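Order as written gives the chain letters A, B and C; numbering starts at 1 within each chain.
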Amino acid sequence: MLTRETTLNIALAATLLAVPLLALAMDEIFIITLATKVAILALAGVGLNIALGIGGLVSLGHAAFFGIGGYAMGILAAHAQNYEPIMEVPFLIEGTNQMPIIWLIAIVASALAALVIGALSLRTSGVYFIMITLAFGQMLYYFAISWSAYGGEDGQSIWVRNEFPGLNTLDPIQFFLIAYVILCLVLVFSARLARSPFGLALAAARQTEERVMTVGLTPFHLRLVAFVISGAITGLAGALYADLNRFVSPTMLSWHTSGEIMVFVIIGGVGRLFGPLVGAAVFILLEHILGGFSEYWQIFLGLLLLLMVLFARGGLIGAIVGREVAHD
Amino acid sequence: MSILLILEQVLNGLQFGVMLFLMAAGLTLVFGVMGLINLAHGALYMVGAFAAAAVAGLTGSFLLALVASLAAAAAAGAIVEVAVIRRLYDRDHLDQVLATFALILIFSEGTRWIFGSFPLFLDVPDYLSGPVSLPGGIEYPLYRLTIIAIGLVVAAALFWLIARTRIGIQIRAGEADREMIAALGVDISKLYTLVFALGAALAGLAGALVGAIQSVQVGMGEPVLILAFVVIVIGGIGSIKGALVGAVLVGLTDTLGKVFLPQFFGLFLEPASATSVGASLASMLIYILMALVLLVRPSGLYGGST
Amino acid sequence: MKAIKTLALATAVSALAMAAQADTKIGMITTLSGGGAGLGVDVRDGFMLAIEKAGRDDIEVVIEDDQRKPETAVQLADQMIQSEKVDIMTGIIWSNLAMAVVPAATAQGVFYLSPNAGPSALAGKRCHENYFNVAWQNDNLHEAAGAYASAEGFKNTFILAPNYPAGKDALTGYKRMYKGDLAGEIYTKLGQTDYAAEIAQIRASGADSVFFFLPGGMGISFLKQYADSGVDLPVVGPAFSFDQGILQAVGAAALGVKNTSQWNKDLDNAANAEFVAGFQEKYGRLPSLYASQGYDTANLILSALEKADVSDKDAFRAALEAAEFASVRGEFKFGPNHHPIQNIYVREVIKEGEVFTNKIIATGLEMRGDAYAAECKM
């Protein structure tokens, strides 16, 4: 029998697919773009949720990985379009406009960054961890602003979206489907990860470190692996987001971005598989609807967020399905 | 570069550090006593600056403006504490981060709604404006010296408050053992409101003092907030002494870094790229400092356990 | 959602009659919330003043807030082009947002008229036949500052700007026209608020003058601290730090400072007099540089619509190129890359009664185009 949460998750996945298809039928192209944005930002949240929800690692620096993924796209695509190799000595590296290769490089680059940042940051815990991840994010942010080779604060535009074999990525619905399929695959991966021995050990380490150490596992290593996986997924989302906008800029690295990704996860429900999707969808809908009401819409956004933290503990999914949850 | 110029830059770093201390003190106090991580501290800094600018505009008195900044920030702090913050003490840091992030949005856009989108005017009063000559021939703005003095006085007062007064004993007891202090019959929710308002007032004072030589505008609190976090993390969260040391360290690192790094790179790079590379590295320097400190001492210079 | 949008628009531009079937749809993406909102509000208000004055009910303006985020601006542009099917776009304040939006918009056949940002790439290699800049190329005001510094006989200037592309362009623009030596060249951190260290360096450098480009709050902070430091070298800067909106926040610290601008409220022509009076009457404040640019942008569009229908792209483009409208700047025409050729004036900050404002004291550059036109191949 399906739990209520699983039923809800299936319904959510179906809705995210149905909305843009419906929009296509009604010729409301922009709705498709919004749905694509939801899918990609949800992907970033799913990445963060592995560190945050399962591992209990409150990272306020995930914008770093989001941005690295974005810049991986920007740099590769810009070189490909200008027919300039990225480097010629000691060996030739050329740019590319093939999405699969870009994704792979975005994943590897952000995983490496997460390995370094994680190895350093995980020596601390609690508020110190929040702050040191924030600090690493800020370092990269200021670096990107002054990195004039790729536009500095202006950012790097690529004039056409990158290519995916057999698809026309400039067609909004096809690009949406790419993002949607990736989101679904990563959700499946994330669900299996949570139930795997690794995921269980990681969750156990969040609750009682001693329990994990007595069976011979090192919490530090568990967390580091989780942090790297988390960073890699967020990096992949960054590459897709940059492709959605055909543009990457330091804004992707700012601490506001970290805050927003975290907001998605919390609105939806920390540790809930589909939490980031609900969170991203609600956030973007609010931004879009409230933005139409008033110049000062962020006041209302703030109030809603506040009410949600105070009165809807466990996030929206928690509020809908109750506390039947299995993760703990 | 002359010794005098270096001394002047050290003084600049010190002044910057003292200003950061006013921000960091409240932040670290609130964290130490209530275990709360407050992203909205920068919003209280902004409230102080706007209150000061509004009162200075109406009355023309800088002293009244400072009083207003203290009062307005303390009042805003107390209201926020009673309405929102006290529901967050037993939550995890995550909920605190989100709720106070929401407060930033409300405060920033609310201020813009009331005061409009353009920066406000707040100026150094005549009796504090202009430079004075220091021994050795340094011309230094009197107002910056005043900020250093006020900051040091506040630091001394805080140390006295915590070490010698009844409230200080309660604060220290609260840091050590929350149940115990309630059992002793202290009205803990009142104490918390008081501590939060005190922290807010210090942030408001910093906002007003700095507002006179900077720009009083929406969002002015955020860059300072992040610096203040860096300060308390370096100093060790909860420690006033750590906040003071951390603030001065960050102030000096930032100021001296941006002066000397471009010159250092100028030794082996052409001037244009040296200034650019030096400036880039200088803007990352305090975060590098923070990462280094945490690698050596994972809970800061004067921090206990987290 | 559509209904909400329309409602919001109706409140935003209350006096504008909403036509059921507008013939021309203009999309405005500008910054209306957050830190830089003052500039976007001014561009919008100036623009809408001109539209309302024209009294045409066949023009619809859709206004959206980009929150100064380039990613948001790109998405709004997609929305305007794909869903709203706008014919003309305008409104962006910041160069980095313009670089993100303009190439994609013009590539999709939409006209884009920039009321503020003029990044060098869009004037040179990336110029486009459907892109018009109604403000200035980014370097222009800095070039005029350099020319003025040379004309004043400054021989050893200290220059500083934030460490980001527009900052580097500013110093490049200044140096292009400035003939003397440099006492120092500093890039500051973007968003920096304390300039004590830089001011100490200026004092120690032996400079005879200072040029700075520090937009927004950075400039306010710098000027107040500079005035308080006792260093009294002459200061020159572009108009951005001396504009009507922020001048009151700088206060007496700005008095006497020379700054360069293509417009000022005391420019003596009929269009300007009408604009300044109309703006004050409608909004109850003095217009800013940004408001004047928004106003000119709208009037340029209106002048072109008089001559051609926007659906006839070639005719409409030719009508824009002719630029036959009464600019509040006086003489105004487009260069081959669709960027302005215009006078850049030198202004001095003065106090009129209780209000700080500017008056023109000289012409910095006469009918100046830009340095990138040769790179543009349309």
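Here is the rule we use: contacts are C-beta pairs under 8 Å (C-beta built on N, C-alpha and C of every residue); 3 or more make two chains touch, one makes a residue touch a chain.
Note that this is a predicted model, so its numbers are computed, not measured.
Asks: Comparing A-B against A-C, which pair counts more contacting C-beta pairs?
Replies: If we tally the contacting C-beta pairs, A-B comes out ahead.
Asks: Hey, which chain ends up farthest from chain A, C-alpha centres compared?
Replies: Ranked by distance of C-alpha centres from chain A, the top chain is C.
Asks: Rounded to a whole Å, what is the gap between the Cα centroids of chain A and chain C?
Replies: Their C-alpha centroids are separated by 36 Å.
Asks: What is the distance in Å between the mean C-alpha positions of chain A and chain B?
Replies: So the centroids are 32 Å from each other.
Asks: Which residues belonging to chain A are in contact with no fewer than two other chains?
Replies: Residues 142, 145-146, 148, 296-298 of chain A each touch two or more of the other chains.
Asks: For chain B, what residues touch not just one other chain but two or more?
Replies: In chain B, the residues touching two or more other chains are 108-109, 112, 276, 279-280, 283.
Asks: Got the chain C residues that touch at least 2 other chains?
Replies: Residues 33-34, 37, 163, 168, 187, 189-190 of chain C touch two or more partner chains.
Asks: Provide the residue numbers of chain C that touch chain A in the complex, in ascending order.
Replies: 1, 4-5, 7-8, 32-34, 37, 64-65, 69-71, 74-75, 78-79, 82-83, 95-96, 99-100, 103-104, 107, 119, 163-166, 168, 187, 189-190
Asks: Contact residues on chain A for chain B in the complex?
Replies: Residue positions touching the partner: 52, 58, 60, 120-121, 123-128, 130-132, 134-136, 138-139, 142-143, 145-148, 255, 259, 262-263, 266, 270, 296-299, 301-303, 305-306, 309-310, 313.
Asks: Give the list of chain B residues in touch with chain C in this complex.
Replies: Result: residues 1-2, 5, 8-9, 12-13, 15-16, 108-109, 112, 116-121, 123-124, 129-131, 139, 141, 143-144, 210, 212-220, 223-224, 255, 258-259, 262, 271-272, 275-276, 279-280, 282-283 of chain B touch chain C.
Asks: State the interface residues of chain C toward chain B in the complex, per the touch definition above.
Replies: Residues 33-35, 37-38, 41, 163, 168, 185-191, 193-194, 196-197, 200-201, 203-204, 216-218, 220-221, 224-225, 228-230, 245-246, 248-253.
Asks: Would you pull the chain A residues touching chain C in the complex into a rising list?
Replies: My answer: residues 28-31, 33-34, 37, 142, 145-146, 148, 151-155, 157, 159, 172, 241, 245-247, 249, 251-252, 288-289, 291-298.
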